[in-house]
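Just so it is clear, A, B, C and D label the chains in written order, and each chain counts residues from 1 on its own.
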């Protein structure tokens, strides 16, 4: 599927501040960047560095009073639908070493606190069948509702409140998967079906040798999600991190599926 | 049922410290103190003050280097078995004013964070049927296991870990009840069936004009629990609060059901 | 000082919900209600119950779709300026029993976690001199800044962020005082100097037989604060607690000092 | 300095569990492994994977009923004393991309919550002078005291309690450094002066192109610390992580400085 992405950020900056942006779709085997343009009005040169684990890239800018960024891209996503259920389990001790961090708890995905629940409610399941059951459980157990969570909401909070937005769905699924011995990471992404239109967040679970993208909100299907960056949780994948103080003026995210029948 | 209670506390105190003890069985309509003796080796006079909401009493002592207390009592408990299910609901706005605090979240019973869960999973239930369902849910969903929790464990933690000790069962039931609009408080108590022998904690839910005692651990039945004190959560009902530093030397709690057939 | 108070609350209620309001100035020895009128558009009868510890009163209403309340009052406040420094210390064990709860940690005032700081930085101080030092420390160490905290912010958070609004100043001072063995409670209040105009929160420290009102923000002086209600922390003194879901339409709080020279 | 290291771990495992060990001194430019031997009694083959960021290595084992490990090594450490003060500052936007994660908050090092404190109390300082001031502040402000913290204690907790052990000192310094825009990571290590003998934890701050090792406890000097592994916080550098349940039977850590005068 071809996605057309158009993002505009306009923030006020108190004094001057270094700003880290993660808004570019990542060039990867299953998502090809057809064309893109990133424009940042910064008071000093923009600097690009690799994203977490070398996926995608981050941009450093310097805001003085204000920071305006505009990103526009066309991305071709070709990713097969994932059938989580069919993947065999890999015991933690047999996992590739670079996955270790994605087995461990993190600030917003406190998997260690949810082990009891996973062991009790999903006893006997491992690998794909466990992943599939956890994903279905998150989808069924949460209500998608704006305003029920904030930037400080953790997987544990969502587990209790049973409501949240995409970020909360991703955090909870990631935490539950790790609690069940499945490496899991959070993904910032663009997807056309997100309502209201915004940056999207999904989970990736490592099963049978690869990362499997799962959107427990059901808003996006695997085939129409363009990853921006990945990480342990929201800390790593924030679209903007300000090393100082900022306030929102305007933020617009538009992602549309392009009809390619004419091509 | 007649209970024989024997408690010995032996603590080291760093320097001197004021110590608040709540270890005496409370004299109440449904639990009669047959005899009792409290001995505290304190460096200054012992001072008794009323317990929270006037139930039971607290003792202030002054420890210097060490604090040793010995409490011995015989208590007759006569309390009917509670059938939670049959109590009608009272809307929050119709409750006696002095119950308001027991509707609100507290440090260890964050009912506000569990409202989503209660609304979703127990939709349509109120009053006694809700209380009964919540109590059964706690009993079924938790494993009683020593060492899985600490003095900082909250109802939210237990909700995720699905394991704990009596304090955790009480906190979780209290939090869920408040989330469902039922006033609920924590109760420190003596009960003969506690294993290993220790201070016990249970919940009380206010239904149909009175407090209904519930032990979600199933360790004690209503008829053999002698309350010590009540409060919003563990903060209020701790058997000992030291305004300084202390370390445990020895602590023995013995509660036995006395065979009254000879009497 | 004579205060003129005018409050208008307009909230949308999802479906129906019981609503607890605490917006009436309390009738107390040091603040006399000259006249007042509370109007609540509720779908069922309004019910007034005593406030925490019998101070002030709470109103229960039932909102259906919307809840609008209007409170108007004239209050004469006559309270002497407090010189915290001069009050002698009362050891915890000598305090009136009904103060015990105000010595203990609560959800937003985790005094147990701040004991190390108080013991280290204010070593040797007790009673009034300690209270005075703690109050000055809070005033000096925090920046008053809107938007830096939320309804979930605790004293521990504020202790680290060094910024907050009146609620945060009160929570931190209360937590520090309790950590130092001084009973302390939070007070919801009306005061003319609050900018932007809103409900105000201050602390009360119990010293030498009475509660001493302290506004660590410096916005109000003792003589122009009209208490609404008191409690362990924000949980108890919220101006509105909805047992369901609500959203703000409009909220206006106007408190003005009335020139009485003409009288 | 030459260190002789001898570690013995003996744990009971409930059923079977995968166990991740991080106990081998890392081979690095400033610490040369002279000889070493790691023996793990595991029910399945041991598997070594690279440590976080490729530093040191982790060992996966499989415990069944019990897990016993013995590690013995001789390590030559040659590291110059660090004079933090002299290093110039590097603005966040100019840092190597792989350091980004060490600028961000993590579960135990909530740097975002401590920004207010750092900005207020260390205004005007950056780079080396800031690092030096923060390190001295941590050393001066905390009491080293066993039993004041647990595995769940965060930098924010320690900031309030003003006491802790090596792990807490490292967490707090790391959090403060990140709050001040200095990349910082936690390091598990062996050091001879640790009392009581145990695994040690220190901080590393990235200044002027390299990681600078700092032990805010003052127990170890830079020259006698052998790193085991590094990470964002205690989550990454735990000497043992059990994917199941374990209980301690015995744990002995012996680190001695070897007199090389005879060589």
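Convention: a residue touches a chain if its C-beta (ideal position, glycine included) is under 8 Å from a C-beta of that chain, and two chains touch if they have at least 3 such contacts.
As the structure is a prediction and not an experimental result, all values here were calculated from the model.
Undergrad: Could you check which of A-B, B-C or A-D has the same interface as C-D, with more than half of the contact pairs identical by residue number?
TA: Equivalent chain pair to C-D in A-B, B-C or A-D: A-B.
Undergrad: Chain A-chain B contact: same residues or different, taking over half shared as same?
TA: Over half shared, hence same.
Undergrad: Once you find the CA centre of chain A and the CA centre of chain D, what distance in Å lies between them?
TA: Centres of chain A and chain D (C-alpha means) sit 29 Å apart.
Undergrad: What is the distance in Å between the mean C-alpha positions of chain B and chain D?
TA: So the centroids are 41 Å from each other.
Undergrad: Report, in whole Å, the distance between the mean C-alpha point of chain A and the mean C-alpha point of chain B.
TA: Each chain's C-alpha centroid was found; their separation is 44 Å.
Undergrad: Would you please write down the residue numbers of chain A that are in contact with two or more other chains?
TA: If we look for residues of chain A contacting two or more partner chains, we find 110.
Undergrad: Please name which positions on chain C make contact with chain B in the complex.
TA: Listed in rising order, the residues of chain C that touch chain B are 18-20, 44, 47, 49-50, 52, 58, 60-62, 91-94, 96-98, 100-101, 103-107, 110, 181, 231, 235-236, 241, 243.
Undergrad: Spell out the residues on chain B that touch chain A in their complex, using ranges where they run on.
TA: Checking each residue of chain B against chain A gives 110, 113-117, 119-121, 141, 143, 148, 156-157, 159-163.
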